[in-house]
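By letter and in written order, the chains are A, B and C; residue numbering begins at 1 in each of them.
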Amino acid sequence: MSTYYASLFAEAGILLLGALSVYIILATGQLSLGNAAFMAIGAYLSSYLTVELGMPLTPALTVSAIAAGIIGVIVGFPALRLKGIYLAMATLGFGEMMRSFFINFPAMGGSGGFHGMAHISVGYIWAWAGGILVVLILVERSRVWLEMQAVHDDETAAGLVGLNTVAIKVGAFGIGAAVAAISGGLFAHHHVYIEPANFGFERSIDFVLATILGGSTLGLGSLIGAILLVFLPEFLRPIADWRLAAFGTLLILVLLVRRQGIVDRTLLRGLTFRKAAS
Amino acid sequence: MVNSNGKKSMLKVILNPSRLLGTLAVISLSAGSALAQAPEIALGAVVPSSGPFAEWGRSNSVTLKMLEKQTNDAGGINGAKLKITILDDGAKPAQAASSLRKLAGDEKVLAVAGPLTSSAAEVTFPVANEMKVVATSQASSKPGVAKLNRPWAFRNTIDEGMLAKTTVPYFKKAFNIKSVGIIFDAKDATAATVGKAIMPAALKANEIAIVNESDPLSFNTGDLDVSAQVTKLKSLNPDGVVVSADYSQAITVLREMKRQGLIKPVVGATQLISSAILKAAPEIPIIAPATFFATMKGEAAEKFVTNLQPLLRKESGLPAEIEPSMYDANIYEIVSMYIDAIKKSGVTGKPADVEADRAKIRDHLAKLEGFQGLGGPIGFNDDGDAIKAFYVLQGQNGAWDTKVRGCSSAPNHAGC
Amino acid sequence: MLWQQLVNGLTLGAIYTLLALSFSIVMGILGILNLAIAELFMIGGYFGFTLIAANFPLPVAVLGGMAGAAIAAMVIERIGYQPLRGTPVVTPMLSTLGFSIILQNVATNFWGSDPLQLPDEYLGRQYTLGPVNIGQMQLIVVGATIVLVTLIAYTVQRTTVGRALRAVAENREVSRLLGVSADRLTLFAFALSGALAGVAGVLIALHYGAITPYLGVEIGLKAVAVMVIGGTTNIWGALLAGPLIGVVEVLTVAYGGSQVRDFVVYGFMILILLLRPQGLLGGARSDQGQRV
């Protein structure tokens, strides 16, 4: 594999984690348009730990994930008051606030950016991304996931049958934030330079896009979405000046043709059946 | 070679059927030369042809195609044909870095021109070191970006800190400035560094008071309305104004200054240099440093403009009245320096020698002195930034005028 | 200086009001965040700019920008919203994002990424009232905003089509039983919202005298905040929240906080969402959003 493709896969791994962070929160019926903020927290905190305190990367990522998780829980509580698109807009506001905060945070370089991180390999990125994806796919078969689905489908009913909807929703925010923070930490150590502009609304929307395009009913969907979002613009290079317009058009087409996302359970079942038959 | 040329031509066929016959001829020609095994020198470029800096990237591309044709028409490089592969990064750091990997890893280019922005350079230069290939930015001027990434990173630009040391004294003298107000784009890394650190230091060194020293005035890239900031500036009544922003953002500030009647001289960094900014408020004098501008005097520069301008204006996707920019000149010089290095340092261009060839280009650049650029001799200092002539320009009533000639000289290196 | 800053804030607020209203027509009726509105605004601006540069009078430019953006909005509705009806709200939101990417690319290729500028101040006359300077174009922006908001409010609250719109907003199925064509009304809502964004684009492009393909990006997000603060279900909310946020922004800058301006605005939006989710003027509770 050429280093060019390796770097694209590294990007895809980082985006996969971002997409999963949206996916986990979405699984409880909450849409977050501000996950780039958690990514920024992970990127800045882990960079601070490795560069300024000399901590090895793996524990630094773990610490960042826990810290972002706690912040996610703190954000998750007020989020309980909001639903649907209103929650989405509140998280959008949270994202913009965090970006504004890092622009005015001189200790980590402010808008001038921060560097000094050591470069990591694509293998290390995928060890995290793949590991988290596998864990998530296992969780999808567990009772916890069924409870999350219940909250997603009908929160009132879920509460009536005795589920702790508050814990489930806030917990999802916390876990989602932690996963986004790992994505941020890996981003920072892959690009070895970060600035607040890396973590704007555009990034949050990319996460949502990867989740929804790939299929928001399965963790596997985020994988497909992330790979698509990273590789598609590269493959569209030959059309030069119209590259972005073509990307926008394909995006709309995919949504029109596969409104439930590219992969869903039906598709997956179809594929496995065919395999079994042959 | 057939592949990439063929692919591009095929697309043109789709987009422009009238070129069909010509394209077919090109395809057969390139197929023919491939059969003849003509030796080829591969160089690469990373430019932002889409996104907010699309105009710069597209005019950079036209410039490079012109240089490629000029070189090949004149017999190529040591008998080999020059091929420049140009990739678009959309001004996105991640795409710039992966473009460099594609150029160095897959296309096996000997050196890369670009990327354009400082944010992209911050992410791409470390990759240049990892891949051991020279990358030279045509526009990045945020302090210290090449210095952090030696030995493979270069910039054909001058550090803003050095330029401000010449710009500010001229500004002070020309307009009898005793106090200034500073306004900057807080979201733009280069503009924020200039507005928060470089300009305040240069102003203090020249004993100019900053009226809003304790209260920095900023806005964000993309803001439409800066009326509040300008009203505030006006109330502080400074003799002049520091506008630290990319020129397209600075236009918003200048138009607002004009609207509110704050007609005070403006000083800034190289980011201000453009033809567009002259139209914003012709009555407000703008002082900024540049290494090139379209109406510059001198044989090399005038010839460059005469050749390039018609090509730029013919290109679809670029405005009809476009002029060559400083970044076109810079990228032209960068690739010219690569060609010079290849000719003089025994670069073979053979696949087996690619690593040695890249090192030869790097060593040639590091030692380079007196290369004839468009505005005078060029070399590089120990930080990888250009030692070249620069000019403090005054923009007023729709034209740039040279006021001071300076040189970014460094100890133990030839000056200009 | 304070009075001058208030004038600045009110002008900015008028712009926020128009855009917020444009968002809230689609949001309040269909519960959809149309992310392409920021780009409809930009496209409207380019249409108006081109017409003014070709020496057409202001009303023609405004109509041109309005029509251009309204037609684009109708295309978005037919391709990007109508076929996706019944999906979670995030899906049509992303399809409108696709349109916003396309529109930015189209504008870059047609008009360039450099700012287009008017050679001179358009209607640049200034009026002095004591310590305050007001430009002619500023007065037009503020005046047009008040007229347009009144017009929209009248349309939605007093006319048959407005009542039908509100019926659809309440319940699509019931409106069908009442014999209202929900499909045609949705198209109308998009067109109305687009027309408003287009007018805003023309006025703003002329007021500031410069335009780029990325004109709508930052201001679009702000307008979402303004819409939320005003309340998505009440037309008059935007008329209150726009100037409020405009003045808050301007005063933050005036009193030394230009760097924390966005932090303040978005923080305010979140507070409003948490403490008064229906917005400042919203009547009914509107936080029972659709499922995502």
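Simple rule for what comes next: a residue touches a chain if its C-beta (ideal position, glycine included) is under 8 Å from a C-beta of that chain, and two chains touch if they have at least 3 such contacts.
Keep in mind the model is a prediction, meaning the values are calculated, not measured.
Of all the chains, the one whose CA centre sits at the greatest distance from that of chain A is B. Highest C-beta contact pair count among chain pairs: A-C.
Averaged Cα coordinates give chain A a centre that lies 35 Å from the centre of chain B. Between chain A and chain C the centroid-to-centroid distance comes to 30 Å (mean Cα coordinates, whole Å).
Shown for chain C are the residues that touch two or more other chains, namely 105, 109, 259, 262.
The residues of chain B that reach two or more other chains are 50-51, 54, 186, 316-317, listed in rising order.
Counting partner chains per residue, chain A has residues 103-104, 241, 243-244 touching two or more of them. Interface residues of chain C facing chain B in the complex, by the touch rule stated above, are 1, 4-5, 8-9, 11-12, 15, 105, 108-109, 111-115, 117, 119, 121, 124, 126, 133, 135, 204, 208-210, 212-215, 217-219, 249-251, 253-254, 256, 258-259, 262. Residues 2-4, 6-8, 11, 103-104, 110-113, 115, 119, 191-193, 195-198, 233-234, 237-241, 243-244 of chain A are the ones that touch chain B when the two sit in their complex.
For chain B in complex with chain C, the touching residues are 50-56, 186, 214-225, 227-229, 231-232, 235, 248, 251-252, 255-256, 258-261, 274, 276, 279-280, 316-319. Across the interface of their complex, chain C is touched by residues 26, 29-31, 78, 81-90, 92-94, 96-97, 99-101, 103-104, 152, 201, 205, 208-209, 212-213, 216, 241-245, 247-249, 251-252, 255-256, 259 of chain A. Taken in their complex, chain C has these residues touching chain A: 27, 31-33, 79-80, 83-84, 87, 89-91, 93-95, 97-102, 104-106, 109, 221, 224-225, 228, 259-263, 266-267, 269-270, 273-274, 277, 286-292.
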